[in-house]
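Each chain carries a letter (A, B, C, D and E) given by its place in the written order, and its residues are counted from 1.
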Amino acid sequence: MSTPTITQATLTKDLRLEWRSKDAINSMLFFALLVVVIFSFSFNPTAEESRQIAGGLIWVAFLFAAVVALNQTWARELRNQVLDAYRISPAPANALFLAKAIGNFVFVSVLEALMTPLFIVFYTLRALGPAWQLIPIAALGTWALVVNGTFFAAMSIRTRSREIMLPLLLFPISIPALLAMVEATSAILTGEASARFWIVLLAVYDLVFTTVSLLLFESILHAE
Amino acid sequence: MNPSPTAPPVSPIVSITNLIKQFGRFAALRGVSADFAPARLYTILGDNGAGKTTLLRTLAGLSSPTRGTLNMLGNSDPRAVREQVGYMAHPSLLYDEMSGMENLRYFARLYGMDDDQRCRSAIASVKLDPDLSRPVGQYSQGMRQRMSLARAVLHDPKILLLDEPFSNVDIGSARQMVHLLAEMRDRGKTIFVVTHQPSLLDGAADEFIWMESGKIVRRTRDLKLAEVL
Amino acid sequence: MKRAFPIFGLLTLALLSFALYEALIAAPTERTMGDVQRIFYYHVPSAWTAFLLFLINFVASVVYLIKRNPAADAVAAVTAEVGVIFCTVVLVTGPIWARPVWGIWWTWDMRLTLTLVLWLIYVSYLVLRRFSSSSQTPLIAAVLAVFGAVDVPLVYFSIWYFRTQHPSPVMGRGGSLDPRMLHVLLINWAAFLCFAFLVCWSRYRLERLEREVEETQALEALLEPRGVR
Amino acid sequence: MNPSPTAPPVSPIVSITNLIKQFGRFAALRGVSADFAPARLYTILGDNGAGKTTLLRTLAGLSSPTRGTLNMLGNSDPRAVREQVGYMAHPSLLYDEMSGMENLRYFARLYGMDDDQRCRSAIASVKLDPDLSRPVGQYSQGMRQRMSLARAVLHDPKILLLDEPFSNVDIGSARQMVHLLAEMRDRGKTIFVVTHQPSLLDGAADEFIWMESGKIVRRTRDLKLAEVL
Amino acid sequence: MSTPTITQATLTKDLRLEWRSKDAINSMLFFALLVVVIFSFSFNPTAEESRQIAGGLIWVAFLFAAVVALNQTWARELRNQVLDAYRISPAPANALFLAKAIGNFVFVSVLEALMTPLFIVFYTLRALGPAWQLIPIAALGTWALVVNGTFFAAMSIRTRSREIMLPLLLFPISIPALLAMVEATSAILTGEASARFWIVLLAVYDLVFTTVSLLLFESILHAE
């Protein structure tokens, strides 16, 4: 009943199920294409301009795709009230939270992996700064979105009109993270400034909110 | 609350005192007090809306009482004895997309167990085929019901809370399930069964508990069919 | 106690009117900006008051999470509401001031942005309170409050580093501020604090009363013969 | 398939010939043939997984047969006679968020009816309170079950397909429901009831139909309790 | 049992459920505000290049709002299999489709109506072309998004791996609509070109796909 084993069990279970019905992934891919295409129509930029806005572009797209995914996080547990089965079991609450968060992290990362090349192609992006830094930025940024998203999705289970609730809770809290991601990305794309400060900020953000979530999730899960 | 006519000499395994559960202004439980001796098979009867499910959910630690206290296995917080409690609800508490075996395997993990053999025997004990690859969502209603029972007994808990386990189950299998329960009781389990088919448990149950509008109104040794029919 | 409230109310009223006089008449006219600058005496105090209230909200929420006592929850709810109101005042007076002084309604200056984000966070807190089903509201709200409070410093740093190309337009603190202006500012702030406290107090009493009513209603529901199912 | 001993002289209202329903490689119905006379109350019995629900869903036009034909009211496509068929399923087919009355009002519209009186009487006929404002999601299981029956009979169809209407319903109410059905039968309705509590229908039902692994194996006039218990 | 009455009944039912709580409208207003704020954080409104793509930005924002709405279209009907109750009723399938589509249309339109002024303020937008044309464009464009979205959502109800590919296959079809919306909007904002062609295109597009959906929906609904 140690947290890691339960986490792993839950995670594999979720991933297997998602894989069987490629529902979520598909809708997200669909969505991703939509976003990229509509932007590529909205204007076709010179390499220079696109560098200016690409950071914001990419991350806004990711943010909203993430919301779509996060809204489905707990759907499966609510059907047949399976969540109750977890609540009466001695398994630690945090294991469930971690599993869900990691699961979402995987999804959104996959999505990002799908979208990024599209963006690069459509906007002929070329990073003038140290491109490799984009990877830690993406990882940290995604986790920032996902850890809070998962938690708030769990909270909005207990509220009316869930789907709209999640962004209402998530967006304000995520503003600093979003700023950091966008600024860091553009800093690297344009190569004008260093992204170090933003990366540190992201790391701190992740650290803080992961801790808070782990501290408080149990009370949320067992809230009647 | 008239105290049980069969007030057990042994110390009770579950004892409830003046339990009240409110949903907003509506009181589903209105002061329930009772002691339950270990190794008994209790049958809870009552009309729709009497509060049976609410009582079971409270015992399972799924909903916290508005007022009043309950004590299970010498512990005042049900959540502290979760390993020892098994609960079967109206909904199946199973993943529709997974096969029965996959479901049990997962829930076994939640209880820190990891042996297929146990899952297989649990499924077999409710007369289902462990190798049935069909997802639970495609089971017939009764099959789902049994699988749900298998989930509840999987970790072989001391206290078993069953909410209408026989509904939608064909009579033959229902009788088998009753035998299963009686035998578990003989192995020292304390079992609470909510049902609307008390005749099934006639003979098997140690005590029948009648609920009415959120109260326990009667506890009797044997089921005078006259009273129900 | 009952009498204290109206008395304090009168005092606040007096203080407010005095502050008004001080701000509009007594205080010296600012050289460059002219009379528009007098909005300063409402702008800044409300900002500080809002911040203070949000701080109290955070503390109360933590207390609730630890002690689970409804009073703390009521305090949290009230301070959030009033805080958002004062924060709105800042967000309104700001632009009104900005328009004539800078010629624009809004700029992404760090202080402005910080206020805006704060406002967003606590509005979402209020939205959550209204949307969550009654029995869990306090817990969930308290949790969100903690998240929001933890977020503030991060917001601060991020914005502090953000879009530095926009020079912070706010005139320097302390030194450059005429002592008479400071004097008036402080009087106003005192008045605002009293006012905020007054509002919170009445809202708090109202909150408590509502909960008491619910309690008693529930108790009556227990006594009255069981209603329809 | 031995033809029904009680082959009705009157032309059948429902006649099935060699009905086969396959889910992938698994056959839930394996050649069902039968004629059913109008104005009768048929009780369908069988173990879990016998194919009872599948049969009902096919009659309701919710799932189309893999092979074989069926004829209802002289029509070979069940969807053509939808107005004349009422179906009650395992799930409630009700909106959890709406009150019982709101639910029925909506479904009445779907059948081109628009009078509250009818909805109210439908609810009353299953012994629930039409004015209960609680959303269906907060009903007890049995209450939900009854409301679901009310939905099925709302438009007063010629043919009624009920899938385990009595499960989770307390015995008293179950007997009342049986009376209701018998009386509807007397008013000329043809009713198919799937249940695992045949004793409830003893006397009321005109014919008992035993299913086994996707086939109808027996049709008898009266229920020899010996056979089931 | 005429289509209009059923449509109206279903629509009112849905809307009543959506708006049961008065707060719904406030929460949507707040959502709109959040979206705009997020955007202005990600695309510095004072920067020239983000002003240029405002047309695209607005439509992306609307798209996100639409996605949030479309995602919950059928959720309510699936719980307790209420959809079956509709399928066995003599009510015409198209009534259900129209109700859902219109419902989504209303939802998204309200959001758009709330967001537009905010965008105008934050990005200090000024239409150089005939601004009034933006209204038919928004209406037609929104309907284009919503009618297909509702239909796709209905198809993915019974997701078997075969059918789930359908939305992705049909996706390219919705490109012309997106193109038209964005081009028309920017045409009017910049005032450089006339938007007439695009408006006509949108109208035709809506006509075609509404018809197709209405023709095909029945078979989708009654697909087992």
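Just so we're on the same page, a contact is a pair of C-beta atoms (placed from the backbone, for glycine too) under 8 Å apart; a residue touches a chain by one contact, two chains touch by 3 or more.
Quick caveat: nothing in here was measured; it's all calculated off a predicted structure.
Taken together, chain A and chain B share the touching chains C. Separation of chain A from chain D in touch steps, taking the shortest path, is 2. Remark: rotation between chain A and chain E after Cα superposition is 175° (nearest 5). Ranked by the number of C-beta pairs in contact, the top chain pair here is A-E.
Ranked by separation of Cα centres from chain D, the top chain is C. Distance between chain centres (mean CA atoms), chain C to chain E: 37 Å. Between the Cα centres of chain A and chain C there is a gap of 32 Å. For this pair, chain D with chain E, the centres built from the Cα atoms lie 40 Å apart. Per-chain CA centroids place chain B at a distance of 48 Å from chain E. Residue positions of chain C touching 2 or more other chains: 120, 123-124, 127, 131, 229. Annotation for chain E: residues 20-21, 27, 30, 34, 37, 44 touch two or more other chains. Looking at chain D, one finds that residues 140, 143 touch two or more other chains. On chain E, the positions that touch chain D within their shared complex are 1, 5-6, 9-10, 13, 17, 20, 76, 79-82, 84-91, 222, 224.
Those residues of chain C that touch chain E in the shared complex are 105-106, 108, 116, 120, 123-124, 127, 130-131, 163. For chain A in complex with chain E, the residues that touch the partner chain are 21-23, 26-27, 29-31, 33-35, 37-39, 41-43, 45, 49, 52-53, 55-57, 59-61, 63-64, 67-68, 71, 160-161, 163-165, 167-168, 171-172, 175, 178-179, 182. Those residues of chain D that touch chain E in the complex are listed here as 60-64, 79, 82-83, 85, 87, 89, 91-98, 102, 106-107, 109-112, 151.
By the touch criterion stated above, chain C contacts chain A in their complex at residues 65, 117, 120-121, 123-124, 127-128, 131-133, 135-136, 139-140, 143-144, 146-148, 150-151, 154-155, 157-159, 161-162.
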